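Naming follows writing order (A, B and C), and every chain is counted from residue 1.
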Amino acid sequence: MKGRQWLGTVALTAYLAVIVVPLVWVLISSLKTSPEIFASPWSLPAQPKFENYAAAWNEAGLAKYFWNSVMVTVGSLAVLIPVGAMAAYIFARYPFPGSKALYAIFLGGMMFPNFLVLAPLTDLLRRLGLSESLLGLGIVYVAFSLSFTVFVLTGFFQNVPTELEEAAVLDGCGHLMVYQKIMLPLARPGLIVAAIFNGLGLWNEFNLALVLANSENIRTLPIGLANLTMARQYQADWGSVFAALVIVMLPAFVVYWRYREKIYEAMLAGAVKG
Amino acid sequence: MKFVVAIASIALAAGLVGCNSTAAPEAKETTTPTAGGKLTGALEVQAFQGGYGIDFYQASAKEFEKQHPDLKITVEGGPRVWESLTPRFANGNPPDLTFPGWGMKHWDLAEEDQLVDLGPALDGKAAEGDGTWRESFDPQILALGQLKGVQYTLPYYVMIYGWWYDPEVFKKNGWTVPKTYSELLTLSDKIKKKGMAPITFQGKYPYYMIDGMLLPWVQSIGGIDAVNAAQNLEEGAWNSPAMVQATERIVELKQKGFFQEGATSMSHTEAQQEFVQGKAAMVPCGSWLFSEMKKTMPATAKMEYFLPPFIDGGKGDPTAVLIGIEPWMVPTEAKNKEAAIELFKYMTSLSVAKKFVQEKGTLMAIKGSDDGELPDVLKVPSKTLRESKAVYSVQFRHWYPALSTELENGLTSLLNGQLTAQQFCDRAEAAADKVRKDPNITKHKV
Amino acid sequence: MRHSKGRGAFIVAFLSPAVLLYAVFLVWPLLQSFQMSMYRWRGVSRNRKFIGMENFQNLSQDPVFWKSLQNTGMLLVLAGVVTIGLGVLLAHLTDGAGPVRKFARAIYLFPQVISLVAVALIWQFQLNPKYGLVTDLLFRVGLPVRDPGIVRDPRYAFGAIAVAFVWHALGFFVLLFSAGLKQISEEIKEASALDGSEGWHRFRHVTWPLLWSVKRTAITYLLIHILTVFALVFVMTEGGPDRGTETIVSYLYEQIAKNGQYGYASALAVVVFAVSMLASLAVLAYFRKDPTAAAGARA
């Protein structure tokens, strides 16, 4: 049994190395000059070249992409969470004829790949005058994130005990009042879970942004990053591409480290219960 | 409704002004080029921000505005500007003048009547001198923008394709530029013995090799006609003997180990970086190479152009040069066509073109723009072009994107040893046949 | 709250924003996708032409479509077996005390929250023939990976995509199976106390069957994510070498971005939709009944 334990630790350490080594390697490479990167993948920089970060942030336009990402992520969440919570509340506490079917249609959105509707969606945004704009992208993000949000929050609202609600009604609270005064505070953990999970997802979103918002001024970070290595303006400066990678991953890492318990919870909410 | 009326009257007014300007051109000839009539309103230009940037177009627009104070010009752009322009075309609100870059399917635009026929404008007076605007262009290059005789697009700068070497490195080692394929083989042997890779290439984007080796060698063996027969989708042209023999040369170089290790995986900048750092002796590329690499080039590195080595005994023209353009156009639904045309007329005037040549280090489609002292990097390409008896151009890539993709995929497999030269050409011919037989694809002719 | 005043109005007011957004920006385009698949449209003007089932007919004769479908299926099987297998194993390994296990539990989900583009770039760089860490390692152990380079080599490119995907997604499966194991740990104890099994035997006959709902989730997740795996392909291989890693979605993108064939792309989308729906239903049907209930393993 002891031997096996030891073997397990070795295997686990190997797994951790597979996760961590590439990340550390990216970090180290981001401080190297282009010739140093080419010389050997294992070498350390003679002198950490922090200019790579300045180059990525300013010259490669990451600063702009970063703020675009912040705006579209925060903006989408600001609409998504209230709208999703309201719908979830109805599904959880106000059954009506056909509500089950409607709920199922909402959940169906989790099941199908978003890439499939790109062509008509592009066309729709054009007609609405929203093509190539962060507003258009944000609205689409809200619509495509509703499924998961409604699903998770419905679960939370269902778990709130009915006694509280009944007491409030006896006190003369109307529907809206009950929702605001009783339900929202009680569902707060759920709202946080939904916000973190959607926030990470939207921060990283690629498929939709690539097609719906790809002009220079409104590009988000993932698209900007892909462009940095693929578009022709890329000036053979590998150190700053590695730096750009770090810049993209850093916010996700901070959020992950701070809220990882919540993230586990969010992922399981979407998994084991389903 | 009021809004619509307002728009309509503005459009009408703009149209009237336009008519006036063509009916009665002002005879105000000065040393600086003028565009004739009174131009008013807003003028939006969207331009591809490639190796040459968009600063020059912005500066030209400023100058033009000075001559036409009632005109308000905006020039914007980006490195993938076509991606935002495509929906604008579909939506009916394109810019007035545009240079949408290599990613735009501009022949689709032409076929769907989204582009203005610039022929009549070309027959008008040029911005400078006494001739027509048409006469200021090289006619062969002008033809690259025509479909069934209609001039849908106009050229600006001209790119020249070929190979590059570092003259310092060659001199140091006593190497001479290979004029023929057999010389290339001998030289590559020497280079390899020195521990240097003879040739590198942009393997991630196989069209560089198609333009830099395959088609030049088809031209060597079978002449420009052999290249154009393939572009015109003539039966058997893609697996003609010239095509197969040209492909066999690529296989031979691969088998002799003359290509740099890992080049098939390299992006354009990666491969070109290998070249400027002296890891590889030669690289096929267009005349934009210097401007693309100048930021990351070691200070000691030099680069010089030469024509792709000519296949010994071929019946083609050893002086023929492969050229390319990236076209400008005026959308049918542009709101200020007259001003757009006049602005571009101004931009293609000889004095402005000469300035572009000097500032950006590229050749232009405008006759006489390469007179006088040229930037160093341009001297040899310009001389080569002047001494050439014929030029040709790759047009099928924009005409038939599916054929182009198939060709590039086939080339990758050829380099990976999964196809023989004959199989590669047969596959290209099959792809050409598919295009030939598809009634929904508009056919073009060189 | 069942019969209180203003209930109907409240429902409408609370539900309509979500329903409206969902209907306009998701359901409606989806329906349009079906419609557009019967048109020819190049996306550069308003001209579009109704052509009935022609796009589908062409699709059925398009070798690249079949190739991409096959690649997607292969990726599903390959990545599926690896992630589920390793997921179960690592869920066991990360369970328990000690600094390594604690650190493992803290970090293993991180690759999951990295943008797929970043994941793709990390792997593209690691596999670079010139300066890639992994290329260097593999080369040192004697594999010919430098020429033409892993992502352009028909022998390795597909594996490279699969590895990058597994690196990104594995944490989720570990989490999933960890939670599953916790959930059933009481049942396992009871069941194995009854038949006295332990070790591999216990896992094979007790734990594994009890994980059925987790397996269902795992397979559904894989299905959706593999069907839409795009950023990895787009950044690492662009579908190459010679279609070797072309997936349905990367081919769909090519039709829009490179060929301007919006109708054909929509036809592709409809097929993907049908495939994903059928596959999801098949998974649901297969796991519909709790298999452990019938086997009597549940105490």
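Criterion: a residue touches a chain if its C-beta (ideal position, glycine included) is under 8 Å from a C-beta of that chain, and two chains touch if they have at least 3 such contacts.
Since this is a predicted model, take the numbers as computed values, not measurements.
Between B-C and A-B, more C-beta contact pairs join the chains of B-C. Distance from the centre of chain C peaks at B, each centre being the average of the chain's Cα atoms.
A straight line joining the Cα centres of chain A and chain C is 17 Å long.
With centres defined as mean CA coordinates, chain B is found 41 Å away from chain A. Shown for chain B are the residues that touch two or more other chains, namely 87, 90, 270. Residues of chain A in contact with at least two other chains: 38, 122-123, 229-230.
Touching of two or more other chains is recorded for residues 43, 130 of chain C. Against chain A, the residues of chain C that register as touching in their complex are 1, 4, 6-8, 10-11, 14-15, 17-19, 21-22, 24-30, 32-33, 35-36, 43, 89-90, 92-94, 98, 100-101, 103-104, 106-118, 120-126, 130-133, 135-136, 167, 171-172, 175-176, 179-180, 183, 213-214, 217, 220-221, 224, 227-228, 230-231, 234-235, 249, 252-253, 256, 262, 265-266, 269-270, 272-273, 276-277, 280.
Within the complex, the chain A residues that touch chain B are 34-35, 38, 122-123, 126-127, 131-132, 214-217, 227, 229-237. By the touch criterion stated above, chain B contacts chain A in their complex at residues 49-51, 78-81, 83-84, 87, 90-91, 267-270, 272-273, 277, 292-293, 295-296.
Interface residues of chain A facing chain C in the complex, by the touch rule stated above, are 8-9, 11-13, 15-16, 18-23, 25-26, 29, 37-38, 40-42, 83-84, 86-87, 89-90, 93-94, 96, 102, 105-106, 109-124, 139-140, 142-144, 146-147, 150, 165, 169, 174-176, 178-179, 200, 203-204, 206-207, 210-211, 221-223, 225-226, 229-230, 238, 241-242, 245, 248-249, 252-253, 255-256, 260, 263-264, 267-268, 271-272, 274. Within the complex formed with chain B, the chain C residues making contact are 40, 42-47, 128-130, 146-154, 238, 240-243, 254, 258-260.
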